[in-house]
Amino acid sequence: MQLQLSTWPEIEAYLKASRGVIMPIGSTEQHGPNGLIGTDALCAEGIARGVGDRTGAVVGPTIGVGMAHHHMTFPGSMTLKPSTLVLVIRDYVTALAEHGFERFLFVNGHGGNIATIQAAFYEIYSDMRTLGLPPIRCRLVNWWDNAGVNSLSKQLYGVAEGSHATASEVAVTQHLFPDHIKTAELDPPIAPTGRFYDAADYRRRFPDGRIGSNPGLATPEHGKQFYDAAVEAISGTYAEFLEEA
Amino acid sequence: MQLQLSTWPEIEAYLKASRGVIMPIGSTEQHGPNGLIGTDALCAEGIARGVGDRTGAVVGPTIGVGMAHHHMTFPGSMTLKPSTLVLVIRDYVTALAEHGFERFLFVNGHGGNIATIQAAFYEIYSDMRTLGLPPIRCRLVNWWDNAGVNSLSKQLYGVAEGSHATASEVAVTQHLFPDHIKTAELDPPIAPTGRFYDAADYRRRFPDGRIGSNPGLATPEHGKQFYDAAVEAISGTYAEFLEEA
Amino acid sequence: MQLQLSTWPEIEAYLKASRGVIMPIGSTEQHGPNGLIGTDALCAEGIARGVGDRTGAVVGPTIGVGMAHHHMTFPGSMTLKPSTLVLVIRDYVTALAEHGFERFLFVNGHGGNIATIQAAFYEIYSDMRTLGLPPIRCRLVNWWDNAGVNSLSKQLYGVAEGSHATASEVAVTQHLFPDHIKTAELDPPIAPTGRFYDAADYRRRFPDGRIGSNPGLATPEHGKQFYDAAVEAISGTYAEFLEEA
Amino acid sequence: MQLQLSTWPEIEAYLKASRGVIMPIGSTEQHGPNGLIGTDALCAEGIARGVGDRTGAVVGPTIGVGMAHHHMTFPGSMTLKPSTLVLVIRDYVTALAEHGFERFLFVNGHGGNIATIQAAFYEIYSDMRTLGLPPIRCRLVNWWDNAGVNSLSKQLYGVAEGSHATASEVAVTQHLFPDHIKTAELDPPIAPTGRFYDAADYRRRFPDGRIGSNPGLATPEHGKQFYDAAVEAISGTYAEFLEEA
Amino acid sequence: MQLQLSTWPEIEAYLKASRGVIMPIGSTEQHGPNGLIGTDALCAEGIARGVGDRTGAVVGPTIGVGMAHHHMTFPGSMTLKPSTLVLVIRDYVTALAEHGFERFLFVNGHGGNIATIQAAFYEIYSDMRTLGLPPIRCRLVNWWDNAGVNSLSKQLYGVAEGSHATASEVAVTQHLFPDHIKTAELDPPIAPTGRFYDAADYRRRFPDGRIGSNPGLATPEHGKQFYDAAVEAISGTYAEFLEEA
Amino acid sequence: MQLQLSTWPEIEAYLKASRGVIMPIGSTEQHGPNGLIGTDALCAEGIARGVGDRTGAVVGPTIGVGMAHHHMTFPGSMTLKPSTLVLVIRDYVTALAEHGFERFLFVNGHGGNIATIQAAFYEIYSDMRTLGLPPIRCRLVNWWDNAGVNSLSKQLYGVAEGSHATASEVAVTQHLFPDHIKTAELDPPIAPTGRFYDAADYRRRFPDGRIGSNPGLATPEHGKQFYDAAVEAISGTYAEFLEEA
């Protein structure tokens, strides 16, 4: 059940039965020569909607641009300043909290968002306590961060999974957007790895944008498997989150 | 050509030929008993993508939550504070400007956004001048604000078009999302009109959320006509915008 | 009754009888070769005080510098960033709301302020709802935006009224400040018109600062007529605003 | 020479001869039973204009609402948050600095502004250095803080001068606004003195708003003497400021 | 070499030989019945200074109050809002970057700071790129997050190490402040564990403030071992950080 | 009693007997050729702790970096923007106010902080009133600003005391940190004096950083005398502050 595809009386009815909501959050940033710039937003949105379908949860609108400063040397990458992203998350959550939503499960598609999302949660808790508002709970899950997805990526790609423009995330977008599968020469097949600092440093170390991955191995069929594994895992997390004392 | 469905080398190539980009911006707010909460975001996104298809322009990610404070007494409505929305627009535009985009056509789906979008444009111009960055141009079009759409809505609905949860915007979402057409009793058929102030005042004056409209008249076929008219008009505006000296 | 020329016991007494207040807001920016830089502030202040005299309303202190980024390439122009102006309006309104003022009629002298003022109203409504404060109502009138002023300018100047450094606003300042009437060669007599973007673009298109106007036609006698028409119209709006349910 | 009563070509000409500007800043806050709420703004503006007349300096628009939190328990008092006032001063100064103004003499009418004005100067210096902009100089003078005014107030009022709603500032407004001289019973004739903290504490200690003063002693003739003394002293300061290496 | 105990000519000389600096950051928050409120700040500061002594690095002033919202239901706990902490870190780093420091190793004493510190790094990188400033590198190490400390805590405490008010951090403060060793009954000896959300939720789950730990096992002798292990590990990290290409 | 060296139950017990707290605030900035960069923070912290020992007051964590923009042309100097420092002071005070602290005596070591600290107090009062929180009282004392210290510095140094990198503050650090006494040639022995504006202007006027002082006269024995005088004076102020109605 997508919030944007519902009417307000439908949401009013929903809130009589549940106080939970799924919040997809991604990023719009380069994903190597054959990965879509929207990969992180598209994966988070697609999987979050899958969780919504499976659990009956309302799924909020996707935060499609995240914290991707370090990708800004690649054309098409977009970023919010961390301070802006904190405000966006705060406004999304406090708006829904006004209607009575209490448990917010953020389904995240981008590792670079994690720190800022967690900072935002505390900014929200702090504001709500200052204002004397009723308590809410915010929790973050990364779609790839569960046993099912992990074992699948190890089995399918081993080290070629990588850590940015990963084979698995490219596969998920191929499953979700079969009409937009891109091909490109990947040289070297497995990208370099390592630590990085700012955007210029990132480009110097990872010239085509990938880190440690060979997304040339991705297939739509793999994507379906990853998608199913992620939806199953996160649906379990959501159920547990709602029941938590 | 959607930015999120492109790769960074594709955007790099695009920028050699064009400096323009289409930016959809909407809202996530109640649209009466049978209107989708996402109406403004969905219309802006759908029409912007239509313009992109017709003109070959890149279409950026949709800003899906806008300035909708006055709808916050209806469950499911979301809003950014105006000050947050200014920062979001600033971050979107300055990120793309870094890559060389110079002309930003915002396709807007929500009247309540207009003031804040225009304020944001000047905030951006001010920041860029302070920083000594190259000039860019931002322009706003509301998808419904052109002769084609206006004459169509007059002809189809007359005064029943209204000004919030309009028959035409509900029709566009019916065209775009035929599986999510909602029905509801609308009483009175044509909603009241008038000035309003804050959210409580809004609810008091417009108890089911509509202003002046009878969206029960909407059909998907109408929606297709509105969509086509809007895409045609805005495609013309975009072409003119790119050519402007 | 000017707030700044009253004592606090006088305001205390006023509040027992009325909850309304007039707030003048203008701008300090170039107004062409013979227009005063303070034109927008001076017109708004003068007319607001006239409304105060006629209706008995308290008139607050003038916000004399507005959002005039696009005029910054002309010496003497000043501007607040839109985000600063939002905060100023918020602080003015919330301060007076603490004392019990409830209806704020902003009398505006500058088209470029409109978007930011409206954004500010929602920022205020949003803050007050978050804080659980009693509702207030803010409303904006542009002094030139009424039938009386419009018909007068059409009759006196036709197209030579223009849209910046207009003949009518220059006339109003000549009426209010007869010792500061400036003359200058205006070449061409009627300035060019058109769309503009940032400050550099503005200067390029409108080299002497005027848009579409011939303020050489202004006289103090015209100014008196405009002033009277505006005071009458806005006094009516104020009365209606106070009575509104 | 008032900036608001000048044209942009006049300011362009001025800047060829001088880089200095006078900036009046006051407050809109209670000044006891017979003092005008605008006392601090009116004194600062009047005296600043007198300095402008005497020295030929441009006088900018008055910042009429200052930092007056502690007066907010008296009807009609207004205040900016300190953080807002910093932004306002920053925007005023940086706007004029863009045109080439380099030396900013703030003529202040309110003791409660001093800390925030000085904080603002460093905020500005810090921003300008970060941006690599050319250096400017900001300086603050309080209109009452010079030998001429001090000796006059001692001679005329002794301890009855006080420290808020002072006899001298009430006298200056009586000189400047002879049609708005207010009378009120002052009981006790000389108000109490002492330290205070927030607004509630202020009201408890100083129930009619005055601190230590007997403004019943003020006369318009005194006001003229104070005005002349202040204009003379500050004109000297301005001249010295411009010549400083 | 502590920055605060040096003169400016000494820092000028240092910068000719090195561009690195150690930045201690902690927190001031409850650490259970026998842990010092300053534990995180004191550990970070003490260990950072040890690293400075061993490597010759300059050690900056300690950020002593961090992001500890969730501890605010325990008397004496302090917190910065995440948004404030971002600004503090930004100001510290950009100030030192002005003098030529380029590599900033933050030695952190509080898990709750991690997200905000990382968000701050990207805020800084983003600001510096916008301003066209030379690149810097910021890196975070948690003093307890290395093989030496981990194996020691496992060996000494096993599961009783816990995750807040840990035995190891209490031990380090006992080593550093032998005159301030506190004792308290710990009931149960090993505190409960689990997930938590806001401050009220934290207190409900962890009534005496500890999570999973038995800090009654801590001794100053253990503290010396932890201290030595942390200093050795982080000194190695710092050396590697300086040499990184 | 230092907050950081206490446990939360100890602070809980303290609050049953007292609502007062001492807050040291300093700066990290050049103090001439032989003064420590941390002089202002170290003096404020040391003296504040002395006051705490003498009066039994809790002493909070030191704000070690203040507003020192004007020293930024000397290596090692650090500064917060005034706007950041306001937020830091606000967060410190509001955190402690949550636990019931009501009277905050800031012991300040840096003249350049005064304006920003006072602005922060009003920002705090304003926020707390807006939020309807119970009133608190904040007060500022500069450690050198009392009869005891003043007469001592006059007697020991006369005019050579100066106003930055003063002989007395260098002496206090020599007393507190006898292992870090620095020597340097001071030429001229007594530094120049005068007004200054931004950081570049400061360096031009005061090339070695001192203003008006000869800190070569400082001795640790003098430092002990200053320290004792300051602790005695401020202990008296604190006692009076607590008792104030």
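Order of writing sets the labels: A, B, C, D, E and F. Residues in every chain begin at 1.
One rule holds for everything that comes next: a contact is a pair of C-beta atoms (placed from the backbone, for glycine too) under 8 Å apart; a residue touches a chain by one contact, two chains touch by 3 or more.
Being a predicted model, the structure only gives us computed values, none of them experimental.
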Hopping only between chains that touch, the fewest steps from chain D to chain F number 1
Chain copies touching (chain A, chain E) - same or different residues, decided at half shared: same
Contact-pair overlap exceeding half with B-C, pair selected from E-F, D-F or A-B: D-F
Using just the Cα atoms, superpose chain B onto chain F and tell me the rotation angle to the nearest 5°. 180
Centroid from C-alpha atoms only, then distance chain C to chain F, rounded to Å. What do you get? 47
For chain A versus chain D, what separation do you get between their C-alpha means, in angstrom? 54
Taking the mean of the CA coordinates per chain, how far is chain C from chain D in Å? 25
I need the residues of chain E touching at least two other chains; which ones are they? 72, 79, 81, 83, 131
Of all residues in chain F, which touch chain E in the complex? 2-12, 15, 28, 30-38, 41-42, 60-62, 64-65, 72, 74-81, 83-84, 87-88, 90-92, 95-96, 98-100, 177, 180, 182, 184, 209
Mind listing the chain D positions that touch chain F in their complex? 67, 69-70, 72, 79, 81-83, 86, 112, 114-120, 122-123, 125-126, 128-129, 135-139, 195, 197-201, 244
